[in-house]
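Across the two complexes that follow, chain A remains constant while its partner is chain B and subsequently chain C.
Right, the complex of A and B next:
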């Protein structure tokens, strides 16, 4: 099965947050009281009830500017979270979508620790973007499409859903257009990193400015965990104490941007 | 709208929203469509994808500016200086589309020699009365009463020469000094935008309340219209002057006579002195030598729609039953009247929240206290319905009885909306109204029957016929919206057969039509607003999607998109063209022209069919726009600097209210050193009456904030998220600080000034953490009750304030 993906074009995004709103609405997520802290970004970070946010930036250039990043799970081609998950809750579908089964989740938080971006959020169970797995797989009866809700909602046409290979080609072309317009740092984020991301982003500026690692790496321990410790871990899960010990032993608990 | 009508003939956005994708250059001034009209962003992006350039000019770098290729800040209230500078640049550098300008506009018309602009006033200024005598704002005529013209444009009295003279004062240096727009920025924008003067190119101007909410708002748009006429951008695909309407159905409601000075279809609202009887009303509605010669047919058909069989030739079709207005009843006038307790006893407010949305909220709040009763029909409780418990209200002494009627939302009822592109589209009920909520039209139905019963029972009612004879045949209590559309479209009285369009309307009482410009939406073939066939032309005109007034034209004045011989200026993006073989105009759109009138016929090259003379107005005669035939810069009523363009500080005929509560900061008052502007955010809709009750939008944008530049923040020791207080001479409002380089200090005449922005979507009834407990509740506590003399729109976009940590 061919890999699907969606692409976010930061040069077309206007930060209206239609995607953020529809993500909450479609996925029936709770809201939390927030306050205005001086920036438009709100909620301030991903949280157990928030799968995606638009991040706002106005310090990229000396001239007045306003930049946006759609921030959520990037659906790695080589997803560390799936490897780290001891209970089989997280899985990578044949089409590349990294989704999860809440009934299997034991809220251990290893996925969060393993993720190079620290994206999966743990409340009672895991929560993260699943690229509207059910919409993509079965289609939405109410609106007769089978794209993620955010893609469907975007009034600016900044989001495109499709076959990943096609999107990579489109994205590279757009980066050249932006470079010709004077955006020398323009880049297609996610073409090759982490097995190729399933959410590609055309960025006007370097990834670091958006707080994204240019060359994200999966902690080496993950390989270890998957190969040797994973079977052991399942045995140890018999006891909560063992669970905590293992967690500390692997020292995976303090990483990632959104805790 | 008060400038589009006088310039082109119709007060409506000229091109459909999708059409911006066909532009070579889009310039957005005083509008923030990314936040307030996000549906257009897709087409702005498509324009960029095909090589177009987007310019954004705004006091703040907005979310719209983030989509632009070129941005410049501008001081609030100085747009005419920028536009005047553009006009001057276009003339000096001969960037105009010469054939278009000479033939399709009135630049060749000779002005009366006594017309002049001197010492800050146009000719005819009467200082004692503080008003203009418009006699000199007109044209020279020959013995045959025809206007004299000079096609060489050399006559010193021709409009072109007077135009060049008028704007010669608006140099790039003046633009820099007054607008705070860097000269190199201005020249870059001027070069890029005026490139659309090439015949095959088109440029599109987009605006919204950022241009209209000024004491010179009408003239701001007039300047837009003039630029487009000079560059030959009217009628073209990808051209036009495009007003982003602030609400999904504003176009529809103004079409239907929402404003006090118009009836449906932009017929004038009868005035007791001007229109004492039907004959005078008809006489004054006809504009000779234009399509308005048909006005009598529209007027009498409308009266027949209203009064049915009771309307006869003998009783002037019921004209005498219509109330006539004697003094202006604009939005600001209503509140001033109520504040001064000059006669309004009760008020019905439907889907509006004036306590938050009107200028000077303290005055609005006190005005509401004078009501005996208030009926509010809305989805939720609003600030207005709760005015009696607003912060600082003397609740115990407020006697007003308030009725809150819960109404169905737009998804709980059938109906239509007319969008900013003039498209009528049906929309359908998807769920039944909740609980006791009822559709507005059902409430209206019950109300009119109750009123009829009361009038019938009370013989002392003055002019009972005006109520009792009104037709109300829409199918009873749970009526169908289509019955209303049928009446709007009109039918033959004898056969009840729907008319095919307004060309079939008669002035003898044999036809009806509730709103002539909508006639044709529901011909015998059926309701065209239901159509949903995507287009094939490639331009995005979608001729079989819904229906657009007038007669399904998508691009107004499209005759002007062709040269004198009828060939399109741009063959690829052509809209219509003259087919010499078939002897008719045809193409992708309905011609805005008599379809069989050949270019070689008399009048075959006069594209603005609604105007006398058929040519677009660079010069507007006779005080149709009350404060000048050409736009001229005057400072906002509250401004930090003296007017450097002419010696008169403010628009001499601005509408300034002077009740005992209205106050204005004098020029350069050190107590109010910062320039303030107001706006909306994407997350909240209008006064926030709906979106401040929706958890998702409140979570994303929870509290009112004020944007200020880092330099001012440092000076006042304000940090991101701090509580700050904005204070004008009229009131104070609290907000959270948003320190951002998106707002920049401006250098005006060599001195630095700071701009502070505040969105007006917030109030005291909502679910945001501070609602209800804060003593200040709406940005409009600081704004003022002054307005544009023609449109009577308040100046909410430029005022003076002080700012401090709260």
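Right, the complex of A and C next:
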């Protein structure tokens, strides 16, 4: 199955946070009073009841000017969280969506520590963007119930949902347009990193300014954990059990007291 | 004729030993069920894997706090124990080189050097349990408060935790076998159960140096 994705165009976003509200509504997430931290980003970070936020930046240019970033799970092509999950709650669907089964989640938090962005939030169970998995899988094309809620809600046309390959082409074209307009740092975030992100972002400035890592990698130690410690643990436990059985079977040790 | 007996382990020590061992077994069982996806089914002994994870997380606190209570309550006993396991005599080295004769005849052991209250293997196990339990506690704490630590730290903590857990599990299997099953040493089990007493003859044989000390 072809990978699906959605693309966020920060040059079109107007910061209305319609996507943030509809995300709460569709996913039935609780809203809590938050604190004002000096910027418009609110709540200030993702939390166990908030799957996505619009981040506000007002320091990119000398003149007062807002920039935005839609921040949530990026649906990596090579998801570290799925590798780290010990209970099989997290999975990558055939169409590339990284979703989860809350019934299997044991709230260990390994996904949070494995994620290069630290995105999965764990309250009683995991919470993160699942690209409206139920809508994408079960919805219908005609009334747009098969697009993620945030994409459907966007009044500015900053969000597009579709096949990932098509979106990458579109995004590259848009970056060229921005570059011609004088945004020399313009880039398409997520084209190749981490196996290709399932949420692409057209950014007017370099990713670091938005607080995004430029070259994130899947932590190699997760492979060490599963590739080496899994068998090593078995060898130690199994070896000890096998050793004592063998010791008894061969009747080793000095007889009549070991003095 | 009544057999003369010697008390090896005090009451508090015996209670602590079993409480801690039972805690450890539950921790190992739930830990294994979490660590190996194909053993996730073991978690069903607690209703679900999520319950197993919950027990592992919170019983872990008890696993760390229990020894702290024991040591502060019985500091004298512990400091004696600590002194004993901290002194490795030349006899101990010899004992280790032949593995106490437990592998005879694979490792030839014609004569086994006399041992104190604890033989060199038991001293080593004492160290393994203390060091690995502390490591398990520290890494467990990092994993418990994973959101307050950088991801890299937590992932390293998981690796250390898993290594210590499985190694300690293996050590406890051998410990249990030697102390409770192996015919030449299974009398040790009695010193941890009931009255904590052991026959004088056995001590003369197995812990000659300790016997000398007691006679003084």
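Convention: the second predicted complex is superposed on the first by the 221 of 259 C-alpha atoms of A that agree within 3 Å, B and C clash if a C-alpha of one lies under 4 Å from a C-alpha of the other, contacts with A are read in each partner's own complex, and residues count from 1 in each chain.
In the analysis below, contacts are C-beta pairs under 8 Å (C-beta built on N, C-alpha and C of every residue); 3 or more make two chains touch, one makes a residue touch a chain.
The shown structure was predicted, so the numbers you read here are calculated from the model rather than taken from an experiment.
Colleague: Going by the contact rule set out at the top, does A:14 touch chain B (first), chain C (second), both, or neither?
Modeller: A:14 sits against chain B, while chain C stays out of touch.
Colleague: Under the stated touch criterion, which partner chain does A:72 make contact with: chain B (first), chain C (second), both, or neither?
Modeller: neither
Colleague: Figure out whether A:147 sits in contact with chain B (first) or chain C (second), or with both, or with neither.
Modeller: Touch status of A:147: no partner.
Colleague: Going by the contact rule set out at the top, does A:92 touch chain B (first), chain C (second), both, or neither?
Modeller: Touch status of A:92: no partner.
Colleague: Is A:127 in contact with chain B, with chain C, with both, or with neither (first, second, both, neither)?
Modeller: In the superposed model, A:127 contacts neither chain B nor chain C.
Colleague: Where does A:181 make contact in the superposed view: on chain B (first), on chain C (second), on both, or on neither?
Modeller: first
Colleague: So, A:108: does it touch chain B (first), chain C (second), both, or neither?
Modeller: second
Colleague: What part of chain C is in contact with chain A in the complex they form?
Modeller: 32, 34-37, 40, 49-50, 52-54, 100-106, 109, 112, 143, 146-147, 149, 151-152, 154-156, 158-159, 162-163, 165-167, 169-171, 173-174, 177, 181-182, 184-185, 202, 205-206, 208
Colleague: Which positions of chain A touch chain C when the two form their complex?
Modeller: 86-88, 104-110, 112-115, 118, 122, 219, 221-222, 224-225, 229-230, 232-234, 236-237, 239-241, 243-244, 247-248, 252-259
Colleague: With touch defined as at the start, can you tell me which chain A residues reach chain B in the complex?
Modeller: Result: residues 12-18, 20-21, 24-25, 31-40, 42-43, 58-59, 63-68, 155-158, 181 of chain A touch chain B.
Colleague: Using the touch rule from the top, collect the residues of chain B that touch chain A in their complex.
Modeller: Touching chain A from chain B are residues 34-35, 38-39, 41-42, 45-46, 61-67, 69, 71, 73, 682-683, 695-705, 719-721, 736-744, 769.
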